[in-house]
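The first chain written gets the first letter, and so on, giving A, B and C; residue counts start at 1 in each chain.
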Amino acid sequence: MKNILKINKINKHFSGIKVLTNVSLEVNQKEIHGVVGKNGAGKSTLMNIIMGIINADEGIIHFDNKKIKEPNPLKMIELGITLVPQKLKMLNTLSVAENLFCGNLPKNKFRFVNWKYVYKKANLILEKMGLNVDSSISVQELSVEQKTMLSISKAVFHESKLIILDEPTAVLNKKETNILFDFIKKQKDKNISFIYISHQLEEIFEICDKVLVLVDGYSKGSHNVKDLNISKLINLMIGKDVNSYKRKNYCDKTSNVFSVNNLTRRGFYQNITFNICEGEILGICGLGSSGLNELIHGIYGLERKGIGDICINEKHLHNISPKKSIESGIVYLTNDRHEDGLINFRPLKENISISILKFISKLSIVNNYKENNIAKEKVNELKIIPADINKEIDLFSGGNQQKIIFGRLAVTAPKLMLLHEPVQGVDVNAKNDIFETIEEFASSNIGILIASTEIRELINICDRIIVMYQNKIVYEVNHQKFDFEKIMLTMEQGI
Amino acid sequence: MNHLAKYFIWYVLLITFVCFSIFIPNFFSFSNSKNILIGGSVLGILVIGQSLCLFSRNLDLSAEGTVSLVTVIAAWLMLPATESTFAQAGGLGIELHPIIVILIMLSLGAVIGFINGYLIAYIGMNFFIVTLAMQLVLRGSGFVIGEGAVMPGTPKLFNFLGGGQLWHIPMPILASFTMFLLFNYFVKSTTIGRKIFSVGSNQKASITVGIDYKKTVLIVYSLSGMLAAFAGWMLLGKLEISVPNLGAELTLNVVAAAVIGGVSLKGGEGSLIGALAGVLLLAVINNALNIMNVDPFWVNAVRGFIILVALIIDAQKSRLFKTI
Amino acid sequence: MKITNLILNNLIWFFVLISFSFFSLSSDRFLHPVTISNILISFASLGFLVLSQSYTFITGNFDLSVESTLAFTAMCAALLMLSVENQGYGIELNYIYAILLMMIIGISIGLFNGYLITVVNVNNLIVTIAMLFLLRGLTYGISPGTTLSFFPEGFRWIGNDYLVKYTIEGYRGKLVIPIAAIFVFLAFIVGYLHTKYTQFGRNMYAIGADRDLARNNGINVVRTIIIVYMIAGLCAAISGLITAGRLNSATPTMGHGIIFTVHAAAIIGGMSIYGGKGSILGAFGGVLLWSILDTGLNIMRVSPFWIEVSRGLLLLFAVFIEAIRNKYQHKILQINKYSSSPIGVDDKNYWK
């Protein structure tokens, strides 16, 4: 089998931190090569280096048996590598055919575009690929997996030899994923290779021939998928346990503060039932396709909750909206603070007080004295550095930003905290601080729900863990019986 | 360094004023300074309204149309009916009491703003097109009611805001400064003020923390409309005559003054005190150009230059001041 | 459903049809040769400006300077053509060269705009607003202070002359088809063919849809945008020629304030300020609609001021419908997606 990509001993560091160490990878023609690893293991960096977006410190790249001296994006695209990013980029106002042919529409001899012919040709090409859509429709009408297939078709049409897919199935359900996989497998016959990045390990076994395991910037080698099973793969992916947090006091209360009963939402989750006691930390883990994200949004009121009951302190909640949730005592820490967590350009103290304006103001006039005091209090409690309540929130480090948002949640005197990936993008030291803080909240009888895919971290802090798989709850376990492998396996492939 | 960044515009204002005082004869005098302030008053009121919109990451292109319409309606309601000539028209003839008319003006401004805000926040229409179209509607309506003619002779009580004096200080100056102080306090210290900034800097985050985004935008535009009406009251009172299309071309000057004063087009940033400095700077420059009897050529060139500089600084601001 | 879609996609023509029918029925003086002539005349003045704005809109850019380019080029030509008695420079340049010069100036202004926006990377709104003022100022600067008039006949041909003066049986007055209207019509057709059927035109749309993606597909974004602005400048200059020719005068205030009307006509014709959408034909419809409204309401003795109001209302209405329709389409896509899902079938309210 001819080799298409060969990278050797790639090393890269960013501001003193080594992100990739001696990583090598070989991809052959007609091969689908998976890449797995935790967030932060180095997957994106490696792909960026292959695409020429950034340059490695050391290491050699060979493509199609030619050494690549100075990779840059345009060059790599020309040579035949295409990246299909997780957030697909399309020309939204144009038709499918125009997206396919962008920059080079089929023209007649007078250099005029013959639209009938354009659509016919596009339809033909897509049909041969295995994508059956009418190329004259607006690309916005395509579903997500169809857009992915279109991106791949475009790459194939431009004679790409290697296509990198970055988490293409994160938002797809089972049916859509299967359609996509059939499509991808078809392309193999055309001598095209794929690099397939994913967190959903089951898929690796479904579609990949080989898989590269990245752990903390190191390569644990490329293995034949046939020689592995999910257990073995999970074991390979276990990395160093740095600064492991240890829970000090587990919850012993039994009074419910929050319960969910048969929550069902069309297309996303069904019969979700669980409860949380006062002072209990419940962890829920689930992949992107499990419906976990939509469940959290539904509980908080950012999206529809569907049918079923939500109770806080035995009181039923109806017509949820973020405002009502906060009033009822439910607060939410988003998983992407840059997108919807930080109120940019505003100072720390305003970011903290934004949810409790009603309580620190009289006749709508904010009491600055109270606001300052509350902010100072939180800065001390949460050890926010630098302790400047007037500093713009954008100027703080990631960990401190997250702490500030915790401060915002805490001042509302909540009964339940929904934490969505609470330590994502946070440096190691701040992580420990935050876990400590979470435990402190728990010990003041607040119920905590942590939604995350970092099972190691969940095990360190939770009283109980629930696993969601394919839109249902499939497993529940108490802290005494926590088993990393079992939980991971269940999250990845169900029972 | 932060102090410099924050009060930069005031230093520019000071330097400009000093330079003009030195190099331009007749510039530096008590009466001229009064003229500067009076000249900037109406602009100032409009800048407050526009700044509120900008804080929430919106723009109100219809403010000058509101000025136009409410001044025409006010004159129409207050003036006696006279024989209309081609250039001059009389009022409706009901000679409504000025205080009632003022209330009507302010309410009308608020209603116009409310409609803008509703279409933008609740229906989801683009703010540029909505306020642009509204501008056409308002300007045209003003022409219709006023028959495109001037209406002179507004009553004294009405003119007080625009032309009267209190403690020897011209009312426009007093009124606009008061409004600036009032609204500055409003945006800095009220809950709604916080919400306005929040919504402008990160809409999604604001919704997540429980802020009613739609209601906030609605309030912002309603205030902008009401302030535009207030500006109209002041302007009409000053001129004592209703002129067709009053307030034309102010929009770009208003936006320029706000942006020079540190109000960012991207929302969530800036202050009204800064905007005040922007207004004063523009007023000083306009006054200087006037005194020097400058060719319209230079007037336009200077205006264009100022707007250009303001917008460039705003675009570069994230780079310029964050690294300090 | 299909019919609704058909109407919504071609809303502007629907408006044109309705307004034309409305006026024909409401006033017996509408279908009169003189009236139709007036429509064509007003349509000629606005046409090229709307064409210029449409070109930049497709790429997702504004060009607010066109109204000043109109005035500036006209003023330059006037000064060079007129004798000293008529306040010109006395060069008495042949009108053909004057026209050529106007076009060159217009294109150069466009080149300058395009360069600043792409190579120097200044925001398009900033550049064209600044040019709006700069050029207006320059026009004032070179103007002698009084209205320049008495242009040579040749110069006025495009703006003022007619193709036909046709008498129709039974009607007083003639049906006049201005040369300018023909030019506008041809220009729009060329523009439509250019933007729909050439690679360059499609590149414009790609750039408007996603500038970076377009670049990654090998499109020369810088070159395309610069050329688009040059075309806009050219159209502005032609508009200046038509206006000066029709009015037989050049003043520093020519075209002042017309930019918002131009935007409105383009937007109601389907142009999006975000770019990548809309067709030149639609913009043509926008100009046509504006002219019909203008003339029709005039005929009905409606105050010219009501015309502005009705235009604003119409624009609001058109965009309102677009907004509602987008919401509706989004809803339908969502419903379709979920109704095929086997999960959570008990949740009957998923369409809310």
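Worth pointing out:
As a working rule, a contact is a pair of C-beta atoms (placed from the backbone, for glycine too) under 8 Å apart; a residue touches a chain by one contact, two chains touch by 3 or more.
Computed from a prediction, not measured in an experiment: that's the story for all the values here.
For chain C, the chain whose average C-alpha position is most distant is A. Set side by side, the interfaces A-C and A-B show unequal numbers of C-beta pairs in contact, with more at A-C. Averaged Cα coordinates give chain B a centre that lies 30 Å from the centre of chain C.
Averaged C-alpha coordinates put the centre of chain A at 46 Å from the centre of chain B. Every residue of chain C that touches chain B in the complex is listed here, in rising order: 122-123, 125-126, 129-134, 136-138, 140-141, 252, 257, 260-261, 263-264, 267, 273, 303-313, 315-316, 319-320, 323-324, 326-327. Residues of chain B that touch chain C in their complex: 119, 123-126, 128-130, 132-144, 147-148, 248-249, 252, 295-301, 303-305, 307-308, 311-312, 315. Residues 73-74, 77, 89-94, 98, 102-105, 107, 111-113, 115, 141, 143, 173, 264-270, 291, 304, 306-307, 471 of chain A are the ones that touch chain C when the two sit in their complex. Contacts from chain C toward chain A in the complex involve residues 196-199, 202-203, 205-206, 208-210, 212-214, 216-219, 272, 275-277, 333, 337-339, 341, 343-350, 352. Taken in their complex, chain A has these residues touching chain B: 302, 321-323, 325-327, 332, 334, 339-346, 350, 353-355, 357-358, 361, 364-366, 368, 394-395, 408.
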